[in-house]
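Got a structure for you, questions after.
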Amino acid sequence: MLEPVRLALVVAAKDIRAELRSKTALLSALVFAALVLVIFNFARDPTALAATDLAPSALWVTFAFAAMVAMNRAFTVEREHGALDALLLAPVPRGALFWGKLLANLAFVAAVEAVALPLFVLFFNVDLGGALPGIIGTAALATVGFVAVGTIFGAMAVRTRFAELMLPVLLLPFMVPPLVGAVQVTARLLAARPLSEMLGWLRLLALYDVVFLTLCTLAFRAVVDE
Amino acid sequence: MPSSDGPLLEAVGLHRSFGAARVLRGVDLRLLPGDVVAVVGPNGAGKTTLLRLLAGLTRPTRGEVRVLGVPLEPGAPESRRPLGFVSDHSLLYDDLTILENLAFSARLYGLHDPVGVARRALAEVDLAARAGDRPRALSRGMLQRASIARALLHGPRVLLLDEPFTGLDAPSAERLRRLVGAWSAEGRATVIVTHQLIEAWELATRVAVLADGRWALEERRAGDLASFLPRYHGLIHA
Amino acid sequence: MTSSLEHQAASHAPLSLDAARRVIRRGFAITAIALLGVAATYVVAIGFTPVEAHQGLAQKIFYVHVPAAWGALMAFSLVGIVSALYLWLADPRLDLFAAASAEVGVAFSAVMLTTGPIWAKPIWGTWWTWDARLTLTLFLFFLFVGYLALRAALHDPQERARFSAVVGIMGLLLVPFIHLSVYLFRTLHPQPVVLKPSAPSLPWEMLRTLLFSTAAFTLLYVGFVTVRYGLALAAEAKALRDAG
């Protein structure tokens, strides 16, 4: 296996193993997601607005905010005992380090989404029909994009005093294109619309992923090397 | 191509500024196999900054560090391989056992049989019994041994220690001194940054005083502590 | 106030307080001319430009609203481009310039975002519309705020410069995606009211006033940024001099 790929997997595996021990970030994010869904449900008037109109937005807002809770841990754990120094000292290329953190973040956010989605179906009485594979695919496409940006911003935010505030302030504008695209596609999938109506948005999501994955990988060394 | 003869590490003309503060103003250093250099000096002299520059954790504003003849650069990962770094932080993850911590480090360095290597490293610092413990369960002395084990895993030729004697009890300090002595005998080079001159004096082949971002005094250990001390105190209390 | 200019001291001309002060004076001069230009724009817009038939007098805000939006976009583009140059050339003056552009840009976007509703209410009956220009400027505003908030939270000048540069470049690359999102949204969701903040073909008098106003605002941007940049240079030069 290519050395940078192996190193990225080593870093990701370490993060996942450590998080599975402490579970703090995962549990916080999961509880957060569940609560947001509950609030959305109580906040709407079931007679005024059909569930399917509000549902995709509720789902994606939930995913977005829960993801930010989950992504915060990526670099705060490295700060605790200066462990980032050890990562930077080892012969690990910065791009591999970024991808390791990215893959771990993706694993956590995917876990939260995997729990939030069934809750969503339950609370909103959504008839998935045959839409599930499409929703999962769209979720993957949109999530990759904003998690990439969230990973690099997390590395920056951790150097400030209020990292938990700085990350959302920086990240939210960047979440808009993937979120809007995801909501649009999800709504159409649930309404069983033809693929042609979603292609524009899907292309947007894919293009966003390519551009920002590349940019964040290249820019990471500017963040992490003093 | 790393060269095996010649200095293990060579730092030339190191300057480092943080904004308007010029912390290092032209520092050279040459490490030959067996060297143990104690870097002492008043607080704020730039000792930790110097160590981080030597470790490649910070880039100099001016100047260069070469390890085994190869310039140290963030973009050249392999240039860092011969270095080992022990900070006053443990550099360990709270949620992993110290064995898992070390195995992770072994994997980062691409070592074969990472868990086996980690176990042996812990045994060498007498921590084999605590392999399954988390860092939080260890005393300061044990944590430091674990950090040292982590730093040694990949067989570094140059060891950089930042304030290693802080908070150590006498037996742990003695153990550390013996370790450093063994490294020197093995042909490794060690740089110890410390403000505890007395502790370091016994170990060091060279003592260098950093004051105001520059070398103010250097002494081969041929001299004796009694004659060195007044000059040293004169500098740090100046 | 710490200086960020030491870090490439060897390869760039030494900074003098006098040079910085010259930059500030030049900036004030440009700003003065620009302000005259903006005042002249008002005179021309109110006195010498025909009143728009459908929208009435309220439409005149258009001559401030559009150039302010243009100014914000220009400011942001420069932040992104200069950030990229900073990461390539490592000249700390580029970082100071990017920061100056961001500060001016946040002001221009704030102007645009406040004049927008003031205009929209009497004409369309709503305070806010999600048209392309307003939406984009809103995003620029948030990006500026994030950029400046990050800068305020970082104290090491080099770290601040590096991180800001990355955010600047990423922000600039986000802009086309925002634009694309708005475009896709609007083509698939035709607005119930046809919003035409600017008619595609303006009568010559209006176009002339608009161009004049845009030129005045561009000059105002240049003036403000020059002054702000000069102030930053002066602060750095002073910090360097004091540090010895």
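Chains here go by letter, A, B and C, matching the order in which they are written, and residues are numbered from 1 within each.
Operating definition for what follows: a contact is a pair of C-beta atoms (placed from the backbone, for glycine too) under 8 Å apart; a residue touches a chain by one contact, two chains touch by 3 or more.
As the structure is a computational prediction, the values presented were derived from the model and not from experiment.
Core chain by CA centroid proximity to the global CA centroid: A.
Ranking every chain by how far its Cα centroid lies from the centroid of chain B, the top place goes to C.
Work out the mean CA point of chain B and of chain C, and you get 49 Å between them.
Centre-to-centre separation of chain A and chain B, using mean CA positions: 39 Å.
The centroid of the Cα atoms in chain A and the matching centroid in chain C are 31 Å apart. Across the assembly, chain A contributes residues 226 that each touch 2 or more other chains. Residue positions 158 of chain C each touch two or more of the other chains. By the touch criterion given at the top, residues 3, 6-7, 10-11, 14, 17-19, 21-22, 77, 80-83, 85-94, 221, 225-226 of chain A touch chain B in their complex. Put simply, chain B touches chain C in their complex at residues 17-22, 61-62. Of all residues in chain A, those touching chain C in their complex are 149, 152-153, 156, 159-162, 166, 169-170, 172-174, 176-177, 180-181, 184, 197, 200-201, 204, 207-208, 211-212, 215-216, 219, 222-223, 226. Here chain B touches chain A in the complex through residues 55-59, 74-75, 77-78, 80-81, 83, 85, 87, 89-96, 100, 104-105, 107-110, 135, 150, going by the rule given at the top. Partner chain A is touched in their complex by these residues of chain C: 87, 139, 142-143, 145-146, 149-150, 153-154, 158-159, 162-163, 165-167, 169-171, 173-174, 177-178, 180-181, 184-185, 188.
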